[in-house]
Amino acid sequence: MIRVCADSFDPGAELSAFEKNASGAGAVVSFTGKVRDAAGSDGVKALCLEHYPGVTERSIQEIENKARERWKIDETLIIHRVGELAPGDPIVMVCVASAHRREAFEAADFLMDYLKTEAMFWKKEIRDSGEVWIEPRNADYKDAARWKDSGRHDEEE
Amino acid sequence: MIRVCADSFDPGAELSAFEKNASGAGAVVSFTGKVRDAAGSDGVKALCLEHYPGVTERSIQEIENKARERWKIDETLIIHRVGELAPGDPIVMVCVASAHRREAFEAADFLMDYLKTEAMFWKKEIRDSGEVWIEPRNADYKDAARWKDSGRHDEEE
Amino acid sequence: MARILFFGKLADAAGGRSCDFSLAPDTRTIDDLVSALSAKEAALAAVFNENAVRFIVNEMIASRDAAISDEDEIAFLPPVSGG
Amino acid sequence: MARILFFGKLADAAGGRSCDFSLAPDTRTIDDLVSALSAKEAALAAVFNENAVRFIVNEMIASRDAAISDEDEIAFLPPVSGG
């Protein structure tokens, strides 16, 4: 399930609902990304996230499809905030349920790398010193590139 | 925090409490392992997990210490069930909070690999056809071996 | 009138998140529109130059040489930053 | 009396999870105790042979040639399987 929402969400409650929904799976991985209160030395007071309704959801669906082509996944949940966020607020949550832990870990990791670099969001930090548009770090592009040349993880069992 | 418990636990509620506790972290990864209802073709009715009180907790603490030497981690939570479990029950939960997602993913993945192969638990499946003691799969040993030769992940930023 | 959408820092440069824009007869492609908008607004020209801007026409990703018409919704996207 | 603990399938083979065992004078190491227990209980001998059994003396991991005495708690551990 994919949800782009303007209201805050509760990762614990989302995980509970997700696990109920994915009750047959042996492994569930969740990732929550939150607004940090200091990116660099400059205090971040708020974060503004913009999206392109319709197009953004479709860009996330494409990312999910890629993950499902690559790993055997039972269920996924992708939640992404838009609007104004305060330090400590959850921005993004990804949950993956699968039979074994390796798929769940890799798929969640993959989804996050691609959400960082391919999903259609634009993020501005409101800092003490002014407003700054954020772009992916080099580390983010490198993380996403990890999945380009490696094939599907070899599975035993 | 490390908890070996004889009673069931609620992963969503645990994640909520953990995130409250690790409120400064930008990234939180959780893993939940649950009793599957069919390991192979044979129906699993229940799982029995034994531990060695004191020694088991120490074996988990050593695993956590290894992770903390290797990654910059804000908080960890490791919960492991013992006693009799039914299909669908959570067996194990690992949460890791850190500044960036890469450390959180890798450390959670590492903790699970080591919990599977080094933590002092013994697991028996009660199947329709009888009782079977479970040992780590080859895939589990291979997963744990991944961490032996690779050094700390290079970080940017 | 074409509907034009600006996202992220392109909206700051354009001075707004959307506008209706009547395409001149010689504005036949996205590339032509980029030139027309850049001529109107120096801040926009700067961002177009510096950034890997992507284009969407009627909700589909489009290349710089894609044909456009006065009925289209055309969006300009700076590098994304989700998560 | 030494306290002996068996875990996992070693408990099945021993017919119990723990026992108090008076060490014979020539049972000086874990290895001696393995031999003594194997002689008493064929099922245990089989598991000792087949498996990578590990040993714990007074809650510390010990090697097969570790010295033991009648006051010790000695645990026999088959391969672990957590998670």
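Note that the chains take the letters A, B, C and D in the order they are written out, and that residue 1 is the start of every chain.
We adopt the following convention: a residue touches a chain if its C-beta (ideal position, glycine included) is under 8 Å from a C-beta of that chain, and two chains touch if they have at least 3 such contacts.
Owing to the predicted nature of the structure, the values given are computational and were not obtained by experimental measurement.
The chains other than chain A, kept where they are, group by touching as follows: B, D | C. Ranked by how far their CA centres sit from the centre of chain B, the chains are topped by C. Chain centres here are Cα averages; for chain A and chain C they lie 27 Å apart.
For this pair, chain C with chain D, the centres built from the Cα atoms lie 76 Å apart.
Chain C has its Cα centroid 49 Å from the Cα centroid of chain B. Counting only residues that touch two or more partner chains, chain D has 83. In chain B, the residues that touch at least two other chains are 33, 112. All chain pairs in contact, by the document's touch criterion: A-B, A-C, B-D.
Listing the residues of chain D that touch chain B in their complex gives 5, 7-9, 11-12, 56, 59, 75, 77-83. Contacts from chain B toward chain D in the complex involve residues 33, 49-50, 52, 54-55, 58, 80, 91-92, 112, 115-124, 133-136. If you check the complex, the residues on chain B that touch chain A are 10-17, 19, 23-37, 88, 90, 99-102, 104-105, 108-109, 112, 137-139, 142-143, 155-157.
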